[in-house]
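Order of writing sets the chain letters: A, B, C, D, E and F. Residues in each chain are counted from 1.
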Amino acid sequence: MITNLPNLSETVRLALFEDIGTGDITTQSTVDPAINARGYLIAKAEGVIAGLPVVEEVFAQIDPELHLRCFVKEGSRVAPQTRLCEISGRAQGILIGERVALNFLQRLSGIATKTARMVSLVEGTRARIVDTRKTTPGLRALEKYAVRQGGGSSHRFGLYDAVMIKDNHIVASGGITQAVRRAVAQASHTVTITVECDTLEQVEEAVGAGADILLLDNMSLEDLREAIEIINGHAITEASGGVNEETVRAIAETGVDIISVGGLTHSAISLDISLDLTL
Amino acid sequence: MITNLPNLSETVRLALFEDIGTGDITTQSTVDPAINARGYLIAKAEGVIAGLPVVEEVFAQIDPELHLRCFVKEGSRVAPQTRLCEISGRAQGILIGERVALNFLQRLSGIATKTARMVSLVEGTRARIVDTRKTTPGLRALEKYAVRQGGGSSHRFGLYDAVMIKDNHIVASGGITQAVRRAVAQASHTVTITVECDTLEQVEEAVGAGADILLLDNMSLEDLREAIEIINGHAITEASGGVNEETVRAIAETGVDIISVGGLTHSAISLDISLDLTL
Amino acid sequence: MITNLPNLSETVRLALFEDIGTGDITTQSTVDPAINARGYLIAKAEGVIAGLPVVEEVFAQIDPELHLRCFVKEGSRVAPQTRLCEISGRAQGILIGERVALNFLQRLSGIATKTARMVSLVEGTRARIVDTRKTTPGLRALEKYAVRQGGGSSHRFGLYDAVMIKDNHIVASGGITQAVRRAVAQASHTVTITVECDTLEQVEEAVGAGADILLLDNMSLEDLREAIEIINGHAITEASGGVNEETVRAIAETGVDIISVGGLTHSAISLDISLDLTL
Amino acid sequence: MITNLPNLSETVRLALFEDIGTGDITTQSTVDPAINARGYLIAKAEGVIAGLPVVEEVFAQIDPELHLRCFVKEGSRVAPQTRLCEISGRAQGILIGERVALNFLQRLSGIATKTARMVSLVEGTRARIVDTRKTTPGLRALEKYAVRQGGGSSHRFGLYDAVMIKDNHIVASGGITQAVRRAVAQASHTVTITVECDTLEQVEEAVGAGADILLLDNMSLEDLREAIEIINGHAITEASGGVNEETVRAIAETGVDIISVGGLTHSAISLDISLDLTL
Amino acid sequence: MITNLPNLSETVRLALFEDIGTGDITTQSTVDPAINARGYLIAKAEGVIAGLPVVEEVFAQIDPELHLRCFVKEGSRVAPQTRLCEISGRAQGILIGERVALNFLQRLSGIATKTARMVSLVEGTRARIVDTRKTTPGLRALEKYAVRQGGGSSHRFGLYDAVMIKDNHIVASGGITQAVRRAVAQASHTVTITVECDTLEQVEEAVGAGADILLLDNMSLEDLREAIEIINGHAITEASGGVNEETVRAIAETGVDIISVGGLTHSAISLDISLDLTL
Amino acid sequence: MITNLPNLSETVRLALFEDIGTGDITTQSTVDPAINARGYLIAKAEGVIAGLPVVEEVFAQIDPELHLRCFVKEGSRVAPQTRLCEISGRAQGILIGERVALNFLQRLSGIATKTARMVSLVEGTRARIVDTRKTTPGLRALEKYAVRQGGGSSHRFGLYDAVMIKDNHIVASGGITQAVRRAVAQASHTVTITVECDTLEQVEEAVGAGADILLLDNMSLEDLREAIEIINGHAITEASGGVNEETVRAIAETGVDIISVGGLTHSAISLDISLDLTL
């Protein structure tokens, strides 16, 4: 059903085409089409699993008669050597899809695992960990989905669904107040307006201009705290810049509402997962 | 010209559509279409730059009248705070393309930087550092290009351009000798046959069967050396598995021809690069 | 440049293909390819013009050497018999594109004209006239653009860029309060939440639940006024249902912020425009 | 089965993508995926229904497990408050598809309703009511289908399937006789040739040149009658221009074979239809 | 300009992608990108040239800076060893496009050459040589274009632009008269109706039913002559079946209007053409 | 299942669209949608059948409820008047798909038949008959598949999967030795290098440079024999140029490994096959 990953089918189709091209000449020449097999996806390291619906789509596109049985739930944490799922049916189809399925599952699980670590570090504070637009070109919907599987939340999806006035927009538009006014006048009434602020002066100006969300960028903990006081509930507060496993707890404890972390997607390491085949 | 990145235009088109969708509501509402500006891409950390032709394509698709001037060569190593290039023209176009351009450039430069480090570690040996099919779905051509910019070489592009008989194919086909025979009989005479070997017994069987390339997977240094002796020039030798910055030199010193490294693409960290706008 | 109509090129390409198919057999067989001509687009009735950039794209795709010169500004009101623009160049190209260009221009100008009438009727009140998702499948971006050319504003673009809890969602989710809570918990912090209310009880519940916008659907003027009092500035107010040229002024005078009108797009009449050719 | 709407699947896919984009954030966040419901499409006004196969395709693409049951036949006239069909299955899918399904069904039923009115007005004469190329870009096949559901007939589909020499072609080709001769010489022998005539002189020239069909454009009733006499069965006669509910009967009574009406598609008003959900 | 080959650009794009895929690894690795060259297309055998605009499109898509200069006109007959055109510019682009350009040009020229032979054989009779729908899947527009370059004419383009009631339709519809009646009632008034007849009885029935064109299939010369007498100018006559260089003249001399020849496209032999490169 | 014809579905989709366009107006108007029928594909001449899976895909796309039963195996030789398969179900679908199914099946069977003739002529020698890149644009994968059904083997698929240094590359790169060196340095280690040689001097240079395969182009039988002696097992030998049914046996008897024949695909004649319908 079309729900939260509407473009999954096309994304998988492109990935399969990229890998298979005019045909898997190894599998076609060496493996009898009549042979059946079972393949097990096995996590080699601890982590949070994201991407099982993508694995399902991969094998369904290759051979609709392949059967997938999952042993763990999407979004669950698994120990090393956990069997994640079994694919059974014609051996050719399992072999043709192996690498593409793993490329998706390893990357998405890597993102979910990294996100879960950040989320656990801010437990007990009011801060939500959210993603950014620093995603891999072509995979944004999937990567943001993986962040949610790891317990994180979504920021805007693209340039089209929220106004965010960043440093370069301020330069080009002649100031925060003018930029916010223009946005209010021209954008839909259903859209929120975020202003990126580097200084407390900017914070005051942005609050005065009526911004809905203040993105407090690369501020010291002290400035963050002061900014939140200035804002005093008149806008949602979001911290970004220099967020990592060492710094995130202290940032969260300033009382900020949102912490956005580019590294969730631009610098995640693939989770080690492999496929074992048995006849 | 269509040369080594034939699908660049379509890849960029998809990435821009993913980000822009029905329009950049921030830039359109806050920035006067008549205003011109200059944007500078600046590396914040040391690294090898890959992706400048992609940046050019991004801005050309948004506004053909934007002008790009590069200060460094594709594939060159840069120091922190280096200005990489200048984009000049209408401010709206620069702002609309900023994030997509950076997403490509940061990822590809991260891969090139990681590759260059591995390549420098095996300097003086006969070993070539090559990539794998463990690439981001949809970006294989670009990521393999980034590996080459970092001084690495390419492995096969997909399932269609070389035969590689891996562990799971051996299971499904009934043994190395039979698999190689079938491949020789059915694949084009222009195609090479690689066999993945985990043990020295497999090495002997694969050489006897007439494999062109032996992929020595996860072998100890001792076994690697012995395998290379057994092969004795009758096939190209390739080591893979457990390759990282700590282990790569010793592997290369066994005399292996090729070292393939999945982490070049599946676990590269984005190079820190930003765009500064001035009017 | 890609700005507010990013998919214009593809929309025009589809429309031209639909009409031209394997070739314009009339023009190709009857008109000498070497003959040049000038075509004039002429409004036969009073109205507001929207779609000149689409006309430009149509002729540019057919023959890049055709030249378009506009005599009126996009979004301007014109009198009957006004020459809107001149297309000059090879006669074949002008004839091939005539119908598609007119189909776009007449429809979009019809929408702009209808919108302008509604906007003028609420002049002096605080109400903005906005569009809905009741657009022609495939033409949403263009039709919403035409509404803006007529002086109207945009509502959300689709199901992806704002939360709107309508009657059927309330049925399916078990009530307004629960629906709003779930939306707050799961949607991005950048997204606003609209609740459709048919009764004053629903208005009270929605305000209490923290909705950002209240869509007051098919309410009597009296109920509208009371609803606005209840809301008392804690949410944006939007009236919809039964809005037409007879009713819109009275609705606006209730003090509502937004009046959304499906008929702007689903029941607009094409503006009468024709193309006259001279050699 | 591919029969009279070969591109239905792609047209619906584009419309759904336009509305859903990266996901229906309201339905996904507020409605439990496990909840089932029934939705009823209800006509709020009298009219002729066209588009039920499109509604079926919309919901099938969203969720193949949704079940559609129709209570009325495609092309039938219904009274206000008639239940047209029931969609049952997961509530999420019904809610996601509601607007797109209605946008198609309301527009197509509006066209069928308008066509049926015109057809009934010419009952008892020999005249057929036919559509034109003045259709909504991207929806031509569907809109011409709706005309047929309303009892009308089809004109040519595009520039590729019949020769029609209009005023501007006559200007560009140097006269009716020369244009017809060129068309006979170059077009396929399977193609008919229509000539648009504004005057009785043109009618005589066109008949003499051997046109198959004469399009009598914007003629007075008297001229129409005289033209039909001149033609005297040597060509099919078609009236167009200034056709509306007031004028169509008199035009038909001149004895003309075909009356083409652009307003069937360019100025139809959506039929009022809504979807009611119950659990 | 979009005129008689509207889908040329897409057809060439697919062909180039099919051949180049992820890149021309020979040219990229062996030829310096800075080297310029001139390539000459040379016909090795006598024939009629068709496809020069396709050659132009091929090289323009690869490298817009390549320059094409033609020495012969499209549709002209050339002697063996004739230089057809020169492509000059970067050597890489010429080498990348060589094979695809030749594959198009050789096939289309083969069709034009075969057509020209048939056309010359019926010179002086009233018969036109026309093509059929027995074309190569995906290349119909180009192959029908090549037939016209060889002096032939076009039959209908597809199932959508003319009614042709063939033997199997007669079986499925219950007879010629009924089939023609249904077609007249349901198809557009702009469409002609062809009936395929195998016997003189069918000819009489088809004429009586009002067919516009009679396709006389696989008839003896005697039956052909008799059929033409029966038809007596009340319909266009078309002969098909068993048409080849030995039989075509006698068929034409029966006085038939049209001779359709499937072999023009389904059994044409490529014209021998090669590309010579000089620096 | 996606195996050796991954792009079959898209190729068939394009072919059906090309033929059906906006609808089969003959079948829709003359044949009752409720009527069932059986269609038999019958070979009218002796030949080798290739393309039955394409026929299956054609009818499946038109109407998934059509049922195909094959009486002969793909790749088998059949006598004239052999029934190849039966399609049963709604008559409309059989009629709509008839021509496209035949266009594929006749062309592919023509190629398989021609290939089988060449293969039988070299029986008993070591030579393999292989195809070339001289295929019909858009149909390469299918045509190479047909060659394999006829008993032939595949050469490289495109410019991307093997290095082949041809005469024009030698001109542009400055000589065989330099070209081979560059290719070894830059291409993947999985790729083979073919060098086209016209003279024995080139053969010696190519062997010395380390080419994997030598393409001996247009050599006399004597030169071929001498070249094979010079090469002496250090490279695979491939003969091409001037290969036809008269010459192929003698060429094979020189002891060459591979004989590549462009005419298998660029000059094959369609096998005569027709469809007979019964109710």
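Assume contacts are C-beta pairs under 8 Å (C-beta built on N, C-alpha and C of every residue); 3 or more make two chains touch, one makes a residue touch a chain.
All figures in this text were calculated on a predicted structure; none of them were measured in a lab.
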| item | value |
| --- | --- |
| Target subunit C, source subunit B, minimum contact steps | 1 |
| Minimum number of chain-to-chain contact steps, subunit D to subunit E | 1 |
| Selected interface, C-D versus B-F, where C-beta contact pairs are more numerous | C-D |
| Interface residue overlap between copies subunit A and subunit F, same or different (over half shared) | different |
| Chain of greatest Cα-centre distance to subunit B | D |
| Superposition rotation for subunit B onto subunit D, Cα-based, multiple of 5° | 180 |
| Geometric centre distance via CA averages, subunit F-subunit E, whole Å | 22 |
| Between subunit E and subunit B, distance of the C-alpha-averaged centres to the nearest whole Å | 45 |
| Touching two or more other chains - residue numbers and ranges from subunit A | 20-24, 27-28, 92, 96, 141, 157-158, 160-162, 164, 187-188, 191 |
| Footprint of subunit E on subunit F - complex, ascending | 11-12, 14-15, 18-32, 35, 37, 39, 91-92, 94-96, 98-100, 102-104, 106-107, 110, 133-141, 157-169, 171-173, 178-179, 182-183, 185-188, 191, 266-267, 269-270, 275-279 |
| Complex contact set, residues of subunit F against subunit D | 16-17, 20-24, 27-28, 33, 61-63, 65, 90, 92-93, 96 |
| Of all residues in subunit F, those that touch subunit A in their complex | 1-7, 141, 157-158 |
| Subunit D residues touching subunit E - in the complex, by the definition given at the top | 128, 130, 153-157, 160-162, 164, 187-192, 194, 213, 236, 238, 257-258 |
